[in-house]
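Every chain is named by a letter (A, B, C and D) in the order it is written, and numbering of its residues begins at 1.
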Amino acid sequence: MIPLAQPVPLEAEAVAPLRPFATVTALHDAMLAVVARAPDKTVTEFLNRHPDLAGPSARKDPLTAHSAREQAGAGLDRLTAEETARLAAYNARYRANFGFPFIICALRHTKDAIFAEFERRVANEAAEERRAALAEVIRITALRLVTKVSGPGMPKVHGELTTHLLDVAQGRPAAGVQIELYAVSADGSADLVATAISGENGRTPAPLIAGRPIPNGTYELRFSLGAYVSGQTGSAFLQMVPVQFTTTEPEGHYHIPLLFTPWSYSIYRGS
Amino acid sequence: MIPLAQPVPLEAEAVAPLRPFATVTALHDAMLAVVARAPDKTVTEFLNRHPDLAGPSARKDPLTAHSAREQAGAGLDRLTAEETARLAAYNARYRANFGFPFIICALRHTKDAIFAEFERRVANEAAEERRAALAEVIRITALRLVTKVSGPGMPKVHGELTTHLLDVAQGRPAAGVQIELYAVSADGSADLVATAISGENGRTPAPLIAGRPIPNGTYELRFSLGAYVSGQTGSAFLQMVPVQFTTTEPEGHYHIPLLFTPWSYSIYRGS
Amino acid sequence: MIPLAQPVPLEAEAVAPLRPFATVTALHDAMLAVVARAPDKTVTEFLNRHPDLAGPSARKDPLTAHSAREQAGAGLDRLTAEETARLAAYNARYRANFGFPFIICALRHTKDAIFAEFERRVANEAAEERRAALAEVIRITALRLVTKVSGPGMPKVHGELTTHLLDVAQGRPAAGVQIELYAVSADGSADLVATAISGENGRTPAPLIAGRPIPNGTYELRFSLGAYVSGQTGSAFLQMVPVQFTTTEPEGHYHIPLLFTPWSYSIYRGS
Amino acid sequence: MIPLAQPVPLEAEAVAPLRPFATVTALHDAMLAVVARAPDKTVTEFLNRHPDLAGPSARKDPLTAHSAREQAGAGLDRLTAEETARLAAYNARYRANFGFPFIICALRHTKDAIFAEFERRVANEAAEERRAALAEVIRITALRLVTKVSGPGMPKVHGELTTHLLDVAQGRPAAGVQIELYAVSADGSADLVATAISGENGRTPAPLIAGRPIPNGTYELRFSLGAYVSGQTGSAFLQMVPVQFTTTEPEGHYHIPLLFTPWSYSIYRGS
């Protein structure tokens, strides 16, 4: 959401004289140091250059491509009328409290998590919320930075979500099982995030999420065991195994194996 | 679905001279023996006294109270227009093939399972399907019989569905966990069957299903672990554990324990 | 270890005038109250009427039948020379510290646990150890009481150790599996406590331990799965499943099920 | 056991004119093809150049360094008098039946497994056993070959045994746990094979077995959880987790993770 096309002197330009940097993280730290040293007024101006979080219908000025992509990823381009109204009310209350727009790293949250954070943060003390807003800016710039530069010491900005299917009745990986990952909302809706079929090693050809943060939120993995299990044994007991879990570490590795037989299964957060 | 109010001589009346019976099962067997010895034509007449399986809108004559209760239990009183039409088409095709209406023990099947059975059985050979229809009559009469007589040797006509919650991180039963049991359909709809809260022993005060057959079908148990787990550890990883399974033994005991920690769980068909 | 044949007025005789008691626990409480009210000197005399804990070779006076049975149960009748010497040294040190012999409810401890308790308690403060000794007397008298009287309100003095075998590859209990329970010592020796074969319901005909306390100690359950598993699948991976655990609740219920497939298993403390 | 220092023309020398070979496996195949084409009498002479399997006390001629190392690995240099006598009896019976010594790839079997194979194979038909003996020669030469040549297409002659510790009560790998691997015999003896401490990722720094076949046999992994678990929770229920398993794939990968809490654990053959 930081309009890098029109950077304030707080950021990229301000650190230019310090080049070169030994690592990408050092570059990022230098950018953040500029912000940290800036007077309050400058920071407020800086935060005010960010767009409001809003549905397209409520937006007057177009977003930068970056911001549009980020907000769309969190589903903010597909808000219901009720959600649009709720967001507008939060925005008004937030600006009245703090004097700048609500900033959140949308790539690190599902829509439900953004609403929950909005509700939580709007009640913060002013100083606390100022720190919270800057912490989000750090996350946003780090994510943008890794798309623009590469080199040693890249900051850790991506998470990974993987699975592994083991048929423990046969003592071997389970191949050919359809796997779907959904982001699920409190209202019961489910958005498909990824789909894959397990290979000979019981793993998916690629992680279900990789190369980006895992948005904080609730997910459901669905393992369609029916065909595999009834082909092995004729048992129809387990057709589809849904596994719901809530993530809170966008840069973490969530490895969630499924060990199963035709009559039982276990899941766990592995490593 | 057997209109006991107007019994054909095949059943209750025919066995009256044989009284008394040592066990209820012996009574039931005697009734079935009468049917087994009857000439084909009599059996066809007998089968023809059963009502069609149909939604209320498609029905001309009122059902007996028994039949109404049985068909309602399977959700046949809440059919969509599409389902009503599908059922009518099956009925027409079935009668044309076999010369009697489709008979199924509705208490032993969910709506989805009834449709699946209809589709499967309509393709049977005539002799095979005649046996299938009489097998259903046996199930229906046994279930009606146990509501009318009691005594030694009751036939086994009821199933049981139970669960048990164990917090294996603490090595003890998990009390106070909300549990819901739904019957789920292929179209994604879910009908609440039972709800309960686990007690100090990790079990529900009563079985989730008892005193009736477990209708063949697909179910989802939902264990709301969130409050329990976050109260113990602060972990938000597991909020709700959904467990889907398909049953095929209406008179069986399905014991489905959940062993869990804040980061893992196992389920299995126990005993 | 309390020589009831020569009761001091602290116990049974002293409570005779109070009869009858509503419950057995009330009787036991009354007996203990007499001890609690007695002057220190009387209590010391009372504690001194207990025999030393010792191997037979080190004993001058014969034990009462009760004490002999209790000490034998803990393996104190089969001490090595090294253990006999160690016990004698502990006894001397303990008497010097406290002025009475070391009293422990032998039925609630394995030999290893008795040695560990001796070592721990000999370092206690005098007042603390006096309370510890009386607590053991309470345990000893409660256990003797339930062999002499019965009626409502029996004190809880017995534990229970049970298991349950589930073949989760087949979704049913595992019958015909040989099970052995050993008490294991730190020196690697193992004493057979119980043996059983699982029945059709996957349970043993009787609990592995019942009708007595479970002595604090370390145990090993050995499930001989080999014949069962290779008969089902030809797999030889699991032949014998040893499960070691340490108990600390002599009056508790330890239910330790084994869920297995030919290639995996789980155990847990159940309920 | 093939005395490469004095090769018969069946092997290395016979294939020299065919050089170069595209892969090591192709070289090995060429060597085996020479044996396969050789007349029966030559093969018998070839098999007869192998030493008897025997304890050192029963041996007249010294073994080559290769054979000595192989037989020692299986524990054949530490036989009891009873075992030495048993081996001698088997050898006499085997030679009488087949006219050549018993050949087995000792690196692929524990001592117990060698005795079991000896007993099984001595009852074979002559033609069947001739094939069995040559199959062992193939295994032996493949293992020797990989120590002498390297290049593309190495034959798969090594297995791997690994583990992984997951604390599923905390949802993370368990570091600092002592792990021991023993080869266990039917007579109850246990030989330490490997020992390791789990790292931050819950794995051992190196596989417990690698760079050699996993000898067919029975093993016990011992996980000393006591310190880890009681440090986390104070529970003493699980001190040491023994896991016994029997292997039959010397070139396979046995991955045997342990998922545990202070009150439960699971193991399985993973991948």
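Assume contacts are C-beta pairs under 8 Å (C-beta built on N, C-alpha and C of every residue); 3 or more make two chains touch, one makes a residue touch a chain.
Note that the coordinates shown come from a computational prediction; the quantities given were computed from them, not determined experimentally.
Touching chain B and chain D together: A, C. Of the two interfaces, A-C and C-D, the higher number of touching C-beta pairs belongs to C-D. In a homomeric contact, the two copies may use the same or different surfaces; for chain B and chain C, over half of the interface residue numbers are shared, pointing to the same surface. Centre-to-centre separation between chain C and chain D, using Cα means, comes to 44 Å.
Inter-chain spacing, taken between the CA centroids of chain B and chain C, is 49 Å.
Averaging Cα coordinates per chain places chain A and chain C 55 Å apart. For chain D, the set of residues touching two or more other chains reads 168, 171, 237, 259, 261, 263-264, 266, 268-269.
On chain D, the positions that touch chain C within their shared complex are 218, 220, 236-242, 244-248, 261, 263-269.
Chain contact summary for the complex, chain B toward chain C: residues 164, 166, 168, 171-173, 201-202, 259, 266, 268-271. Remark: chain B residues 168-171, 235, 237, 259, 261-264, 266 touch chain D in the complex.
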